[in-house]
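Lettered A, B, C, D and E in written order, each chain numbered from 1.
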Amino acid sequence: MQRIGVFVCHCGTNIAGTVDVKAVAEALRYEPGVVISTEYQYMCSQAGQDMIHEAIRENNLTGIVVCSCSPRMHEATFRKTAQSAGLNPYMVEIANIREQCSWVHKDMEIGTEKAIILGRAAIAKVNLNAPLTPGETPVTKRALVIGGGIAGIQTALDIADAGFPVDIVETKPTIGGKMAQLDKTFPTLDCAACILTPKMVEAAQHENIRILSYSEVQDIKGFVGNFTVQIKKKARYVKEDICTGCGLCTEKCPQKKVPNEFNLEMDNRRAIYIPFAQAVPKVATIDPNYCTMLKTGKCGVCAKVCTAKAIDYTQKDEIMEEKYGAIVAATGFNPISMKPFDEYAYSQSKDVITSLEFERLMNAAGPTGGKLLRPSDGKHPHTIVFVQCVGSRCSAHASKGKEYCSKICCMYTAKHAMLTRDKYPDTDVYVFYIDVRTPGKNFDEFYRRAVEEYGVHYVKGMVGKVSPEGDKLMVQASDLLADKQLHIEADLVVLAAAIEPDMSARPLATMLTASMDTNDFFTEAHPKLRPVESPTAGVFLSGACQGPKDIPETVSQAGAAAAKVIGLLAKDKLKGNPCVAGSDEWMCNGCSSCERVCPYGAITYVTKEFRMPDRTTALRRVAQVNEAVCQGCGACTVACPSGAMDLKGFASSQIMAEVDAICK
Amino acid sequence: MQMTEFKPKIVAFCCNWCSYAGADLAGNNRLNYPAEVKIIRVPCSCRVNPMFILRAFQRGADGVILCGCHPGDCHYTSGNYYTRRRMALLFSMLNFLGIEKERTRVEWVSAAEGAKFAATMNDFVAQITALGENKRLEDLRCKK
Amino acid sequence: MQKVTREILLAKAAELLAAGTVNRVLGWKAGEFTYDVTPALFTTAAELEKDFVYGPFSGANFSKYLVKETRRDEGKVLVFLKPCDTYSFNQLLTEHRFDRERVYAVGIPCDGMADIQRIKDQAGDGVSGVECDGDNLIVHTLYDGDKTLAMADCLAERCVNCKSKKHVAYDELIGETGDVIDSHRFDEVEKLEKMTEDERFAFWQNELSRCIRCNACRDVCPACTCEKCVFGNPNSGVENKAISDSFEEKMFHVIRAFHVAGRCTDCGECSRVCPQNIPLHLLNRKFIRDIDNFYDEYQAGAEVGQRAPLVNYKQEDLEPSEAVERSGNNA
Amino acid sequence: MKVSYYPGCTLRTKAKQLDLYARKSAEALGITMEEIENWQCCGGVFTTAKDEIATKLSSVRALSEAAKKEQILVTVCSACHNVIKQTNHAMQNDADFAMHVNRYMAPESYDGSARVLHYLEMLRDVVGFDTLKEKVVNPLSGKKIAAYYGCLLLRPGQTMQMDDVENPTILEDFIRALGAEPVIYAQRNECCGGYVAMEDPASAQKKSKKVLDSAASHGAEIVVTACPLCRYNLEKNGESDLPVVYFTELLAEALGVKEG
Amino acid sequence: MENNTNRMKEQILRTSGVNPLKCMRCGKCSGTCPAYDEMEYHPHEFVYMVERGDIEPLLKSESLYKCLSCFACVDRCPRDVEPAKLVEAVRLMVIRQQGQNHLKPDQIPEMLDDELPQQAIVSALRKYAK
C-alpha cells in the first residue's frame, strides 16, 4: 500500500477564488492510501516546496499528489522537490485544478466538487505508480555522414571542428556533389568551385574526418548512440594510398569513348579517370564497364605508365564495419528525367538541355571550356529560351511530374539569364515563368537586376511545344499578359527540370527506419520545431534529401544538423524518457502488430525458449522494446491484442483507475 | 423519471502535446465550459484503448470524447492516424450495436485552439445532456 | 471436380507418414454422435484407420492448432485445409504464430459443411446419426426412422455464403482449387444496418444477453491465439471470467471483435461453435465491411505478410465523425 | 487467330485502300479479321460530355459484340479507334455512364470487358514487329518515311494508352520493320486541323502545311497515316507534293500482297 | 441573372467533369493550342471565365467552333484541368438549344468535294449540331 501525501495549492486566489481548497484537502484525506492532506498558498514557492519536502520525510511518503496548476507548468518542479526528499520523481502526479477547473468554472460549489474528483483520479493513479528510472546507454562518439555534397561536407566539418571523428561516405569517386558541377552561385555570383573546393580540401585534411569515397552504406543496425554500419568500399582498381593523382594514366588510357557523367555526358572521358581537377580524394578510378584490361585481360597501359605502381587490377570490393553514435543523411537530389516531357523535344534535339547541363556549358572546366556553344554544332546561340517549372507543381492526377515546387529553379534561371546577357550581350534571352518565386535574402533584387539591368525578357506563360526545324528550335508559347501566342525561333532551349531526392534515399530510409514522404524526401521529426532531425532518434537530416533547398539554406541546415549531432555526441550516456513501452514476454504473441505501428523502429523480436504451463518447453518469438529509441507514444499498446505491451507511467491499469475515479 | 436535473458524466482523453495544452489555453483565457467534463492526460491519442472507452461507459460515463493533435501534426508523427482508424471502426461498431452515435466523439484540437476546446466541450455536453443518461452500456453494479 | 472422401485422405495421410514427410496428422475424429466431430491428433496409420472421419461435419479449422502443435517436436505435422482454412493459415503465418517449415499442408476442396441445427430443424428431435449419400443426407432419427434431406438445405451459414473456393496456401492439393466467390455474406449485416438504432440495440441485447461466457468462440477462433487472453488476465483490469451483468458480454464481444478486426478471415468458426447460436460472425463481418468501405478492400490471410488495416493508415483516411454515416448504419 | 474487326464508314467508301490492304495483310500474317455484323457508324468524334449517352451506343454495341465472341476488337481508322477506345474506357471507369448506357442496352448489357486494339497495336503487341520483319518479302529499303500520328491515335494519352504521347515510336518501329527509314520530326503528333477542314479550310490549311513542311524539311519522301481525314486534309490543304499514304498500303506492299 | 449564371456554370462543370479550380494559370494550354490564332477566347480563358461565371461571352464566341478537339491542352496540362472538355461543354450548352445548330444539314452539299471522307461530315454534324 502506498503512503500518499496530497498538497492542495491556493495559487493565491487563482484556485482558491473558485475552489474551496480546504474542503478539497479535507475530502481527499480519506481516499485510499492518503496519509496526509494539506493546503498552502503557493505550493511552487520555496516555502511550499519545503513543506512538501518535510512532509515526505516525516511521513515516509511513497507518493505525492499536487493539486495545482497544469503539469505542463510545474510537474518538473515538483518532481525535483520529490527527488530532493529521496522520493522517485515519477511518484508524483499533478491534479490540474487551475487551468482545467478554477479558471473555467465560476461556481464555487461546482469547482470544488470537480477539484475533488480530479484529486481522486490523481490519487487513484499514484496508487498504481511505480518508481521509474530513465535508462542509460553509452554513446559511441563518432558520426557518420552519408553523402559528400556541400551538405555532407559542411555537416562533417562542423562536427569535426567540435572534436568528434566523422566519416563521410560518398558513392562517387570524389566528394563535392552537385555544387562541384555548378558554375556560379546566386545571388552573389561567386564561382562555385572557388568556395567549395577549399572546403573539400579542408575536409580531406581535417584530422577528425575520414572520407570514404566510392563507397556505399550496405546495412545499418542499432539505435541512437550505438549504430553499427556496414560500408562497402567499391574496388577502384587503384591503390588509393599510393596514387599521387598525377593524371598520366588518364591521358594515356586508349579507351577514349566513355561518356563523362561529370559533364552530364556532353563529352567523353577515359576508362581510367579523375572526375575533375580538384577532386577529393584526387586519385584515379578505373571504370570496370569500359576498361579493356578488366573486360578482356588485354591492355594494361595505365599500369605501365604509372610510376607510383598504384594500379591493381585484382582489387575487390571490401566490406568494413564501423560503429557510430549518430548518422546524418545528406543524400541530395537529382534533376528528374525529361523523357516524359518530350513536347520540349529534349530527346529530339541536342540543343534542348537541362539547367544543370547549362551550368556545365557555362563552366570554364566544362566541355566547351566555358564558352556558351550549342551542343549540336558548336555555334553561339543568339536566342535562348528558358522554360521554368518543367515537371514541378504538377497535379497528383497528371500523368507526369512532381507536385511540389522545386524551389531553386527561379533563382538559377535568373542567374543563367543574367550571366548569358553579361557574357554575350547580343543574345536574346526569354524566360517563361508561371510565378517568379524569390523569397530569400537579396533574391528578389537579383531577379529584378536580371530584368532591369540585363534586359532579360520575362514572359508570364508556358511553352507548349518546341519543334526542331533545320538548325532552329521553333518555340510555341503563350504570353498571358499580352494574350498572345508567341512563336520564337530559338537556338537553345534550357529546361528548368524539377529536382527529386537521390535514388539511394529510399533504401537508406528503410535501413535507418527513418520515415519518408510520398516524394521520397526524408520526413523531419517536427516540421517547424525539429527540422533537422528524423523522427528516428540519432538520425539527422542535412540538405536536399529533406526537401528542395538552395546552397545557403543547405549550409545553414547542415550546420544545424551538426549542432544536433554534437549535442548528442557530447553526452557520455544517453538518459531516456522512462515513460516507455515494455512488453511482458509471457503474454507476447510475437505477432508484429506493435512493430508495424511503431514510428521509431523501437521494437525488435527475439526467439526465446520458454517453459510452458504444461511443463513443455517451447521456442517463442517475443517483442523487445529498445528503451533508448522508444519515445512513449503508446501506439503499440493498443495494437497489441493480448495486452502484453504496456506503457510505463501511463499503464492501462493507471488510466482505467483514473476513469473509475472520475466516473464514481 | 429523474428527480434532479440530469448532469452527465463526460470523460475527455487529451493528448499531452496538443489537446491537453489546448485545454490549458482555454483555462488561461478563462473560456468557460461545463464542469461535467473531466480530462485524462495521455501521451498521445493513440494511447487510448477502446477498453478505456468501454470502461468509462461501464462505470457510468454518459459520453466519451477523445482529443488529439490534428492529423499530420502528431508529436509522434503518426499516432493520431492510427487513432483515427481505430475510433472510426469502434464508433461504427458501437452504433451497430445500437449505442447512440452521439455518445462518442473524436476532435482534433491543437495547442493553439483553446477556444475550439471550450466550444467543443460546450457542444458535446449539450449534446449528451439532450441525449440523456447512458442506459445501453451501463453496468448496474457500478451505479449507485 | 474430384470429391474428397475419407479413403483419399487416409491414403494421403498414410503415404506421408510412411514416407516420413510427417510424423503426425491433425484430423477429425467422431464424437458420441456422427455429427459431433472433434479435432484429434493421429500418429500412426492404424490410429487413423480406426478413428479418422471425414464428412459433412468435418468443418473444424485446424489452423489454430498449428500454433501449439508445431512447438511439440521437430517433425512435421500434416494438416488438411479447406479453402477457408487456408486464409487463417496465412494470417497466422503473417503474425509469425507458427513455423511454416514444421507443417505439411494439403489443400482439399470443399462444397460446404452441414449445420446440425438446420438438420434438427428439418428432421425434428432425436437425430441419432447422419450419413452422406451423394447430394443428400440420410438422417437417422430415434422416433421417425430415416429421413432424406438435400445437403443444400443443411449447409452452414458460412458455407451458404462461402467467400472463396480458392486455396491461398498449401504444399500439395487434392483435386483442384477454385476461385474467390462474389458472395452475399454482407447481406445480413446490411439488414441490421438498415434497422433503427433502437431496433439494432434490441436485436443485439436479445442475442448477446444469451451469452454464457463459455469462451468457446474465443477458444476456437484462429485469430484469438493469444498466449494469454486479456479477459483471463487479472492484471489487465478487464478480467472477468463469468458473466455478471449485461455490460460484460458487450464489453467482451466488442473488444474481442476489435482485437481480431483486420485479422479475422471470416472463417465463421465463432458462430459454428456458439452453444447459444449467437450470430457472432456478424460483428466480425461488420468490421470487415467497414474496413472495405472506409479504406481499401482487404481480405485477411489472402497473402502472407500483408499489413493489416488497423496497423496502417493513409493521410486522407476518413474522420471518426464520418464513420457511422459512411458505414451505412441507419442512425 | 481470329479478331473482331470494326471498319467504320469511311473505310467502306472513300478509304477502301485502307480497309482492303489491312485485310490482305492480316491474312498474310495469319490473322482472320471477322467484321462485326451490322456495325453502325461511330460518329467520327468522341463527345467528352459526361451526359452524352446515345451518341456512344454504336461503339458500345460493337464492343459488346466483340466481348461476346471473346475477341480483340481491331480498328484501322484513327477516328473510329479513338471513339471506341474512349467509350470502352468510360464503360470501365465511369460507373454512372455505364449504368445509363446499359439502360439503353437492356435487356443486353455490356461490362467493359472487351479489349480494343488499333491495327498498329495488333502488329506490335499480337504479331510483334520482329515477326513482321521476318514476313516482309519486299523490304522498302532506302525509303525515308515520315510517320504522321496526328492527334487521334495518341490522345488523350491516359485513355488511349497506345504509346508515349510526346515521343511515340510505334509507327517508326513499324516503318523500320518494313525495311524503310523513319523520319522523326516535331509536328508528327500535332493536329492537322482535319475536323475543321469543311468549316474553316483556311485554318486547316495552316496546320496541314506546317506538318508537311516539317516532314519535308527533315527529308521525308513519303508521309504515312492511319486516318482518312488526315490524309484528305494533308493532300488537299497541305500545299505539298509529298505523297500521303495509308500505313496499310505500305504494309501490303512490303508483304507482297498489294497486287492480286 | 446571378442565378442563371450559376446554373450555367454548374451545368458546364457537370457536363464536362472539369474542376477549373485546379488551374494554376500557367497558360501551357494556350501555349500548346494549334488553333490559338483562330480563337477569340483561348483555352486558359475558357477555364478562367467559366470559373468566374463569365459565361455569356463564351456562348456567343466563334471560338467554340475553332477548337480542333486535338486534346493537346489536355495531355500537356500540368494540373490535369482538361480545358478541351470545358470548350466542348460550353459548345454543347449552345447547340443543345432549339435552333442553335452551328451546322445545318442543308449547308453540307456546297462544302462537299469528291475526296471528302464521310468521317468529316459525320464528325462535323456531331460536333456542331444536335
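Keep in mind that, in the parts below, a residue touches a chain if its C-beta (ideal position, glycine included) is under 8 Å from a C-beta of that chain, and two chains touch if they have at least 3 such contacts.
No experiment lies behind these values; they were computed from the predicted model shown.
J.: Remove chain A hypothetically, without shifting anything else, and describe the chain groups still held together by touching.
T.: Without chain A, the chains split into B, C | D, E.
J.: Among all the other chains, which ones are in touch with both chain B and chain D?
T.: Both-contact set = A.
J.: Using C-alpha centres only, name the chain that sits farthest from chain E.
T.: Relative to chain E, the chain with the farthest C-alpha centre is C.
J.: Computing the C-alpha centre of each chain, which chain sits at the greatest distance from chain B?
T.: So the chain farthest away from chain B turns out to be D.
J.: Could you name the chain whose CA centroid falls nearest to the centroid of all protein CA atoms?
T.: Taking the mean of C-alpha atoms per chain, the most central one is A.
J.: Report, in whole Å, the distance between the mean C-alpha point of chain A and the mean C-alpha point of chain B.
T.: From the centre of chain A to the centre of chain B is 35 Å.
J.: Any idea how many Å lie between the Cα centroids of chain C and chain D?
T.: Distance between chain centres: 54 Å.
J.: Compute the distance, rounded to whole Å, between the mean C-alpha positions of chain A and chain D.
T.: Their C-alpha centroids are separated by 51 Å.
J.: List the centre-to-centre spacing of chain A and chain C in whole Å, with centres computed as mean CA coordinates.
T.: 47
J.: For chain B, which residues are shared contacts with two or more other chains?
T.: Where chain B meets two or more other chains at a single residue, that happens at 50-51, 55, 78, 82, 86.
J.: Residues touching two or more other chains, restricted to chain C: which are they?
T.: Those would be 230, 237-238, 310-312.
J.: Which chain A residues touch at least two other chains?
T.: In chain A, 343, 465, 597, 639, 652, 656 touch at least two other chains.
J.: Let me make sure I understand the interfaces: which chain pairs count as touching?
T.: Once each pair is checked, the touching ones are A-B, A-C, A-D, A-E, B-C, D-E.
J.: Would you pull the chain D residues touching chain A in the complex into a rising list?
T.: 157-158, 164, 166-167, 184-187, 190, 214, 217
J.: Please output the residues of chain D touching chain E within their complex, sorted ascending.
T.: For chain D paired with chain E, touching residues are 8-10, 13-15, 41, 43-45, 47-52, 55, 77, 79, 150-151, 154-157, 165-166, 190-191, 193-200, 203, 206-207, 228-229, 232, 235-236.
J.: With touch defined as at the start, can you tell me which chain A residues reach chain B in the complex?
T.: Per the stated touch rule, the residues are 70-72, 96, 98-101, 103-107, 110-111, 113-114, 117-118, 121, 515, 523, 525-526, 535, 579, 597, 599, 631-635, 637-639, 647, 650, 652, 655-656, 658-660, 662-664.
J.: Mind listing the chain E positions that touch chain A in their complex?
T.: Per the stated touch rule, the residues are 22, 24-33, 36-37, 42, 44-45, 72, 76-81.
J.: Could you pull out which chain E residues touch chain D in their complex?
T.: 14-17, 34-35, 37-38, 65-66, 68-72, 74-75, 82, 84-85, 88-89, 92, 103, 108, 111, 113, 115-124, 126-128
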